[in-house]
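First chain A sits with chain B, and in the next complex the same chain sits with chain C.
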Partner chain A sequence: MSIDLKMAWRNIWRHPRRAILTMAAIAFATVLLVFMLSWQFGSYDTMINAAVKVHTGHLQVQAAGYHEQQNMHLVVPDPVSVSRLLDDIPDVAAHTARATAFSLVSSHERTYGVAVRGIDPTKEAQVTTVGQVIRQGKYLSDDDAAQALVGGLLAKNLRVGVGDELVLLGQGRDGSIAATVVQVAGIFSYGQDELDRNVIYIPLPYFQEVYSMQGAVHEVVVLGTSLEAVPRIKRSVSAELKTIDKKNKLVVLDWMELMPGLIQSIQMDLISGFIMYLILIIVVAFSILNTFLMVIFERTREFGVFMALGTTPGRLTRLLLLESTTLTLLGTAMGIVAGSLVTWYFQVHGIVISGTSEMLQQYGLPERMYPQLSTLSIAVGAGLVLAITLAAALYPALKVRRLRPVEAMRAV
Partner chain B sequence: MFFQLGWRNIWRNRRRTLVILTAVVIGVWSMIFLSSLMRGVADQFVSNGIKTLTGHIQVHHTGYREDPVVENSIKNPAGVEAVLTAVLPPEAQWAPRVRVNAVASNARHSTGITMVGIDPSREAGVSFIGEAITEGRYLKSDDPYGIVVGKALVKKFETKVGRKLVLMSQDTEGETASRAFRIVGVYRAEMQATEKQFAFVSMPAAQQMLNLSHGISEVAVLLAEHGQAMQVANTLRAELSADEYEVNTWQELLPMGSAIMKIYDWFIFIWFLVVFIAMGFGIVNTTLMAVFERVREFGLLKALGMKPWWIVKEVLIESFCLLILGMVIGNAAGFVSVLAISRTGIDLSALAAGMEYWGMSRVIYPHILGQDVMMANLVVFILGLVVSLYPAIKASRFTPVEALAHT
Partner chain C sequence: MDIVKCTKVTKTYRQDTVVVRALSGASLSIQEGGFVAIAGPSGSGKTTLLNIIGGLDYADSGRVVVDGNVLTDMSQSALAHLRLHKVGFVFQAYNLIPVLSALENVEFVMLLQGVPPAERRERAKAILDDVGLGGMYDRRPAELSGGQQQRVAVARSIVSNPSIVLADEPTANLDSKTGASLLEIMQEMNEKKGVTFIFSTHDKMVMDYARRLIYLRDGRIVEDKIRNG
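Right, the complex of A and B next:
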């Protein structure tokens, strides 16, 4: 150990109580930041995954303009070749095709306007959670034709149960009238009123027949192996699409483009979080600034002697910085360890904020949330604390250079 | 005398006091300022909901909330209206509505919407629609075919003022009822979802179309303040027969709003604690330093016969002066910064889609709540004194002999 380091270490422990309190303050801020950042990142993952798994998938291939207008005439004309192309792209975990048409649905007593979606039962279940939210009856199978899955709230409004018949009335792709009778095979409930009240699923081949789709669909939904793979998949799909889509009518949209609200609300949460952390760390920095500052008051004589003996101001600054850095690093290290332990505990057990489950459900989120400990949350949390506390330590370390040996030695 | 001593003692080392004072001031400021912003967000969320047709109180026919169809209408609104006029406080406003799910379509598009039949002048006093028209005009009380729709719907339907829009719904007999309207006005709302959902027509037009004669779906009441809802609702419940009418307050109608308010209650309290802990370390440390510098002084005081309790008191009073000063400045700074942005608010239009995702509006106006200010100051003051006890007791334990030997 170099002599400077040894001196710094001993100087720190000249006031053990003060040193411990200072480290505790730094550790506290670090624990809090590591935990909160892990919590935020964890909840973003949950939010994105939930949203992606409920409906949109990671990516979609659509006709240009369909996403904005939801116009049923904007189609992906040849979904088979698109899906063949997707099969060859690595990182694609699953994909499925869908078609949607707005229609009137009537039971014996009631009529409502709903979105009728044609889905491929087997493939859809690999991409979204629809197969897991059937509360009554059963999910669709590939041989089903005139069978439908109905949202729980819609079923209630229509006063129908499993086995009852519904009349669908809408407009086909070619402008013809699309009308059919389907039987309720199952009732699903996501817990999101928006979906449970407005959506009916029927098998895609049957949909294509009823709505005269001529084999076309509205969206090809892709699920990647992970969120990180999405940009890669998007690049390869866009490139490959050019080979089959000569007129450039198809586009690839990722989840951020499909749900701009989601990514923006994450940004908003991040920004407001960072403002709070910044304020918190600044309060901590001022709290511990006195520890560093005291050095100047208490040890003026000592520094005077040092300087008289020939220690350069630069070395004094270095010595003081070494002291404060050691103190700060120790505090941060303790904070990282404690913060990781706390986070890890909740990562295993999850956190339930009482009274929020219903609200979370409306956004498609589970009631138990899990923080996600990552090198990123540790690095960002500890990094912020380190940067700001070290900035606070700079002031006394630079101030010491202004001391004059003779005056300093005379100080009390 | 203690106060004078305490006050002078904290200024013996000016720089050190200023540093810890800064920590307290920033802490208190952030408590006041951030809690007012969070309250602003929650408040806006609720106010938005209330203005978007919910009102503070709604009266329905029993069963309508479960199953919102024409069969569950209030058949005899005159009776309800008489009660409302008699019972409601004078500054309250109310409006009757016919409200049913319908399908809107034009030549190219069709979608599900909510058709709202309104009394235009009464409705303007209760919900946002009176001031929201950006193109064309507002409804007239007997407009037979006029309809007012949201900007987002107009865009989606590729239509404009003057064009036709056909609405289709079920009438009281369960038969399909349809009526062609002409778009007379376009409104803007806080949220696109609202613009896509609601289409307004005049009350007689809706009643005629649905074969309702004089029936209505609901009455919405707007009071002077959010807080009155519970009490007024209870008076209404006493007057209206429970078999026939359901009276609900906004807390029941907007469960999300109440949930958000509850979460923020907790969040604000936790934030106060966290900020306090952050500055608490500084307070303890600084007071400890101040005490240890003065070991000789305390020893001397004790040798002269000062009781330990007086020394505790002396140190606590120093913290007290520090805390009070920090709180005064922090509060002032908090109020000033809230005041500074209270007119313009914080504009988050850049993240509009994100705000919409959570059902919040684009501009946040801070809202200072007395209870938050009180809580912030109490937390800082009480806990501040509690943590100062440690150095204070430390100081009172110095024995005169040891202390005087201390250099």
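Right, the complex of A and C next:
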């Protein structure tokens, strides 16, 4: 070990209690940051996975412009070819086709405007959670025809129950009037008013018949094996689509494009989290600043001797920075180990936030949430603490440069 | 040859509203290989003169030349370089670096000079042996007596082969026996290595060891005599 490093190490331990307290403050900030960032990243994964399973899936193949205009004439004309193509892509876990039309729905007493969605009952249940949110009646089967699933709030507004009839009136793809009578097979509730108040599901073949779709659909919804696989799947699907879509009319949209609000709320959450973390680290940085200012005051005379011996101010600054860097690195290393252990424990066992499980379930979220320890959360957490505490130690180290040997050696 | 030459050096300190005139036009020359004591009562300007000769402080006016370097014209960093290579210091309060062992304290100056580690270690051990501290290499200053600490300080001051060693009241904190043995060590170094020693002191014993005695009063040299022939 060089003399410089020896001096730094021994100087740190001249006041063991102070050194331990300072390192503990740095370690505490690191633990908190590693855990909180892992918690945020973990909850984002859970939120995204829950959100994609409610409706959008990880990816969708649509006609260009459909997402913006929701125009029923913008269709995927040959969903069978798209399905075949998706079957051959390794990271695709499941996929289903869907069609949507905006129609009037009437009961004996009332009429509302709703989104009527044609779904493939078996495949839809593999991609989304619709099969799990039936509160009354039953889910659709592949043999069903004029059967419908109605949102809980809509059923309440229409004053209908399971077994009642509803009249659907809309416009077909070819411009004809689309009209039919369907029977309420089940009532679903996602806990999201927008869906529960405005959506009716009917079997896709029946939808295609009623709305004159000629075999076409509006979206082919894809669920990947994981969130990380999404960019890979998107690339593969985009490349493969060119073979069946010569006129380039189809596009692949991922969950970020389908739900821009979700990514914005994640960004907002990240920003507000970072502001909190910054405040926390600045508090810790002040403790470091205080420690090193104390060092300067206590050892002024010693620094005077260093200068008398011929130590240049630059070297003295380097010596002090070596001391503060060693202390900060030790604190951060302790924080990384402790933070990783704490996060890993909760990653295995999960955290139940008492009293919120019902609310979370409404949004399709599991009642137990898991932080996600990653190199990113460790690197960002520890890196932030390290950078800010080192910056705080810079001022006292530079202050030494202003000392003059004679005045410094007169200090008590 | 003159190793130190001071011409009409003045220095004034301001302590709050009080102006203290520490040196009022002091002039002196010291020859290479000298063993010189600057004596005088407290406040006579001894330490100030030593600090200016050692490049720790600037004179207000006058000219100071040490081993051919005009100190009054030099920058802070040039003075740091001069102190490192040309000047050794021994302080009244020893001023060793508390976290370093005796050996490391002596090595530190050579580290600053860029001497390779093996040579550094060898030279530090040899000089500690010379001052009678063989076997105490690894002791920290707190584990050494005052006399032993001052010997480490002497070893540190001469290990870098300086042109002059400036010793500010080196025996003030030592008993007379320890002080005498320290002076003998310094005398031996002066004779063996030819290093110039300049002391500030009001210790009679130090004055007795010196070959030249300069008296300072109110910032002026009032007497300058050669002793022992």
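Quick note on the criterion: the second predicted complex is superposed on the first by the 330 of 412 C-alpha atoms of A that agree within 3 Å, B and C clash if a C-alpha of one lies under 4 Å from a C-alpha of the other, contacts with A are read in each partner's own complex, and residues count from 1 in each chain.
Heads up, the rule we're going with is that a residue touches a chain if its C-beta (ideal position, glycine included) is under 8 Å from a C-beta of that chain, and two chains touch if they have at least 3 such contacts.
These numbers come from a predicted model, not from an experiment.
S.K.: Between chain B and chain C, which makes contact with more of the residues in chain A?
M.R.: B
S.K.: On the A-aligned overlay, A:A333 touches which partner chain: chain B = first, chain C = second, or both, or neither?
M.R.: Neither partner.
S.K.: In the overlay, answer first, second, both or neither for which of chain B and chain C A:R10 touches.
M.R.: A:R10: touches chain C, not chain B.
S.K.: Have a look at where A:P405 lands relative to chain B and chain C in the superposition and call it first, second, both or neither.
M.R.: A:P405: touches chain C, not chain B.
S.K.: What is the contact status of A:A25 with respect to chain B (first) and chain C (second): first, second, both, or neither?
M.R.: So A:A25 only meets chain B here.
S.K.: Using the touch definition from the top, say if A:V305 reaches chain B (first), chain C (second), both or neither.
M.R.: Second partner only, chain C.
S.K.: Looking at the overlay, does A:I288 come into contact with chain B only (first), chain C only (second), both, or neither?
M.R.: first
S.K.: Tell me the contact category for A:V251 with respect to chain B and chain C: first, second, both or neither.
M.R.: So A:V251 meets neither chain B nor chain C here.
S.K.: Intersection of chain A residues contacting chain B with those contacting chain C?
M.R.: No residue of chain A touches both chain B and chain C.
S.K.: For a test of understanding, state which residues of chain A touch chain C in their complex under the given definition.
M.R.: Within the complex, chain A contacts chain C at residues 3, 6-7, 10-11, 14, 301-302, 305-313, 315, 404-406, 409.
S.K.: Which stretch or stretches of chain A touch chain B in the complex?
M.R.: Counting only chain A, the residues touching chain B are 17-18, 21-22, 24-25, 28-29, 32, 69-71, 102, 104, 109-114, 156-157, 171, 198, 259-268, 276, 279-280, 282-284, 286-291, 293-294, 297, 353, 355-356, 358-359, 362-363.
S.K.: So in the complex, which bits of chain B are touching chain A?
M.R.: Counting only chain B, the residues touching chain A are 13, 15-16, 19-20, 22-23, 26-27, 30, 34, 67-69, 101-103, 108-113, 156, 168-170, 174, 176, 255-256, 259-260, 262-263, 266, 271, 274-275, 277-286, 288-289, 348, 351-358.
S.K.: Quick one: in the complex, what on chain C touches chain A?
M.R.: Chain C residues touching chain A: 51, 54, 56-57, 76-77, 80-85, 89, 91, 95, 97-100, 104, 107-109, 111-113, 156.
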